[in-house]
Amino acid sequence: MRSFVLTSHCVDQPGIVAAVSTTIFHMGGDITDLQQFGDTITGNYFNRIVFKGPSSLQAEAARAALAPVMERFGMSWNLRDQNHRSKVLLLVSRFDHCLVDLLYRWRSGELRMDVVGIVSNYPRETYSNLMLGDLPFWYLPITKETKAEQEKQLRGVIEETGADLVVLARYMQILSDELAADLYGRCINIHHSFLPGFKGAKPYHQAFDRGVKLIGATAHYVTGDLDEGPIIEQDVERVTHLDTPEDLVRKGRDIERRVLARAVRYHLDGRVLLNGNKTVVFPE
Amino acid sequence: MRSFVLTSHCVDQPGIVAAVSTTIFHMGGDITDLQQFGDTITGNYFNRIVFKGPSSLQAEAARAALAPVMERFGMSWNLRDQNHRSKVLLLVSRFDHCLVDLLYRWRSGELRMDVVGIVSNYPRETYSNLMLGDLPFWYLPITKETKAEQEKQLRGVIEETGADLVVLARYMQILSDELAADLYGRCINIHHSFLPGFKGAKPYHQAFDRGVKLIGATAHYVTGDLDEGPIIEQDVERVTHLDTPEDLVRKGRDIERRVLARAVRYHLDGRVLLNGNKTVVFPE
Amino acid sequence: MRSFVLTSHCVDQPGIVAAVSTTIFHMGGDITDLQQFGDTITGNYFNRIVFKGPSSLQAEAARAALAPVMERFGMSWNLRDQNHRSKVLLLVSRFDHCLVDLLYRWRSGELRMDVVGIVSNYPRETYSNLMLGDLPFWYLPITKETKAEQEKQLRGVIEETGADLVVLARYMQILSDELAADLYGRCINIHHSFLPGFKGAKPYHQAFDRGVKLIGATAHYVTGDLDEGPIIEQDVERVTHLDTPEDLVRKGRDIERRVLARAVRYHLDGRVLLNGNKTVVFPE
Amino acid sequence: MRSFVLTSHCVDQPGIVAAVSTTIFHMGGDITDLQQFGDTITGNYFNRIVFKGPSSLQAEAARAALAPVMERFGMSWNLRDQNHRSKVLLLVSRFDHCLVDLLYRWRSGELRMDVVGIVSNYPRETYSNLMLGDLPFWYLPITKETKAEQEKQLRGVIEETGADLVVLARYMQILSDELAADLYGRCINIHHSFLPGFKGAKPYHQAFDRGVKLIGATAHYVTGDLDEGPIIEQDVERVTHLDTPEDLVRKGRDIERRVLARAVRYHLDGRVLLNGNKTVVFPE
């Protein structure tokens, strides 16, 4: 037996589940998970279906069988083998805690991905305490003057590696509107505040100055509009008057890494669907 | 338009979603929510489907249309109007915080229920600070000697009121095995510990003695086996060495009332299905 | 034995604890709790000391004994009997969940306060489901035209009742700058968002539109600068794409009432000290 | 200026703070943090004081100055330079997530410790994905027959390295009563359940079978009585019916590593004092 993950969305209308599930049944499939969401405000419909099929069933054949019903409902859809591993490119800067965390989860099998490389504006030696092994590494320094050129190189790396997903693991650089647009829905950033609070630079210092009692982190898809992209996951932790800005930074590292790891995992498992400027995240 | 909630469970097998959703489609229904769970260990299948139908569609007709497909899969199932309000009997003792909380949520429309009455082993005056209004109230005191007789009276109240659900809102009395068995799946208790830790009496004092750093509460269906029934909901709160047993009791009141309220709400909305000694709780 | 709570703050300097604790020892006192905080950024020092004294020790005598040392360090300070109950005035509007919660906690002895009355811009009948008993109630309706006049009446109530603390328990009205200034440090508001996110009106709808994954509430001291006062307590709860704005409002009620209750409790117990636009909250 | 951390405990009695703080003042010290706890049930008193002294002040001199007052109150006490780094030995088995986490936090400067080595019952190659660098590593395999002999070797390593603290970072082996007793108060274990629930083997599978809605982890000092030692820190995470035992194991890894890291950090900072079978943990 092999399993497939089918995600789709369209304008909500009666009969979708009946049609899709009947099609799956007829191809010998057995639905093992089905989640759906009808947004009563926008009138959009979203679902995620996992089904097992006979070992003879290939993804291509499943797609062919589903195509007519998908067309009938005007669906945007995606079907893939559940074992499919996305190609992921990690972008990082001086702070390496998210990088370390993602690499560990990748190696321990928590994340269904192949890391195709690391891009940093710091040289490889910066990470000499990490076991990068033979992971491709691109050192792409950046200055105001070279920003456009550097991004061109970055585009080259994304194309060359065939990255399905680009993760800004505390990359600290702002992508151009064009690149953000081109990567829409496949580029995840971790912002070190509980958005929409404390956008922009030095959020922990902003949080300290405001005297909040909880700090947080936010993983979101990147858009041209800084810190305004669709939110995938957030979490917080309690702080007190005793915490200095440095304590917030330290506590924040823990929040950031778990929030980013969850968002990447949800994305890789096909649980995140875009709904305008928001996300539908089907729980695991 | 009117909405129906269909819950069902059976042995897992291919084609269930296709058959059920097609039947709903043919009766003019539109599925607005569908959640399912296939327990790969026990081989059991559970689902909860909410669908809208034309205003002419009556629950009886919907049931008749669904019966054949339900029979085919050997389903245990239930269909009801989403606006159906369950009849709920509240059992309480000296501590009234859960009672107060449930009454408030009921009056503010959070809970889809009709409170058919209150049973207590303390007299009505005990609750003179609460606005019981004209809610039926049974004062059923209990002693070792009168326990059997009192329970007989309690059974009478349950029958007389036609209660669908009995909530032990800190009732502090143990039901007999027979009554527990007869109410199985429709009697919810709140235990003031994070089960399976600290079963039995004075759990906060046990927690204090053990020096735990979090205390909790557990809402579960009542079974003859004390504090061992299927868990519906749990939550915890942080405590420190500064907390006396009295502080734990105070903090615990907050946990108890929100855990019990959630469990009752999930039950009333048909989100809780029994799976052996465990529960399936479809998220809202 | 009787207990006293001493809170004080001044410019940080060596020898404070030694001098104060020695003074307390000499008056026959025994320190049962001592917490302090030196803000290394502003150079301010804060402490809260609880001490038991012989039953013959009166607050006046304790104050007289402490005055010289307090003067020496240039302290702003307050000493009171631990059993002192503050006079609290509750301001409320149409939504009564925070009012209900505070009244329940007051009656069950969780809050060291005397409720001296309720002010509402809705008539008393609005709360007919609550057991207000013989609590003084002022119906002070408000319109754009009568705002100044209404506030004058409100001031009259505050003076007449001798309220030590004014709690805006979802009062939904903005105090004038003058009143906010006059009540500075003794007027607590609950804002139904995780500040600084979603200031202003309809924060749950703002949160829904932004697609956040956690919603929150904030209790803060009122200042003329709306939603910018020193934060006392915050908390959050998880939400998903399934939650409508109405669900956020419902879930928010639970967060609001527990955040406000904690803030009021901390204030009543003398745990909250103002530190510029922030608070020091000594944990219980 | 240099800072010192003084921790002490004795039978509670009046005048402790006055005497100790006055002594510190007289040696030119300035108290920057002071926390205390009087256990009203056992009558024990605990405190932790951080004070700055002139750069000329040595720990030895500070100890000499404090000794008389400490003796007067019958104190057990400890004074050390705040920059003191404890020697820590990490014991690990097949699962390396806690090891990875502690090493990362150590290297990033979060933990005031020197890792003096790693002991494992698996060979060094097991951890080839980790950057162990030139950390001393002892491969001490263990079988029923060699248990006593292996523990003797382990004792040798502890002595040789001069380890102040031994961390069982998922070591999965039970220390003998003798070794547990000898290491009392300086050996921390992480148990992968929310104690006292699910003691013993395979706690995640026990949790799955019981159908709990939250799983947790517990860091505690090791005693001869398995899983019964004084608890330092606990935390939990929400799980649902969808989670398989493998999911619980995965989610649990995150809880374990953050609970253990916090416990180790609190211990290293002198925040944890033993109070019978419980702990006093002064918050940071």
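Before moving on, here are some points about what is shown:
Lettered A, B, C and D in written order, each chain numbered from 1.
Definition applied: a contact is a pair of C-beta atoms (placed from the backbone, for glycine too) under 8 Å apart; a residue touches a chain by one contact, two chains touch by 3 or more.
Being a predicted model, the structure only gives us computed values, none of them experimental.
Ranked by separation of Cα centres from subunit C, the top chain is A.
Comparing the contact residues of subunit B and subunit C by number shows a mostly shared set, over half of all numbers used being common to the two copies.
When the interfaces A-C and C-D are ranked by how many C-beta pairs touch across them, A-C comes first. Averaging Cα coordinates per chain places subunit C and subunit D 37 Å apart.
Each chain gets one centre point, the mean of its Cα atoms, and the points for subunit A and subunit C are 41 Å apart.
Residues of subunit B in contact with at least two other chains: 240, 242, 283. The residues of subunit C lying in touch with subunit D in their complex are 13-18, 21-22, 24-25, 28-36, 38, 283.
For subunit D in complex with subunit A, the touching residues are 97, 100, 104, 107-108, 110, 129-131, 133, 240, 242, 247, 250, 253-254, 258, 283-284.
The residues of subunit A lying in touch with subunit C in their complex are 37, 39-40, 194-198, 210-214, 216, 230-236, 240-242, 244, 275, 277-281, 283.
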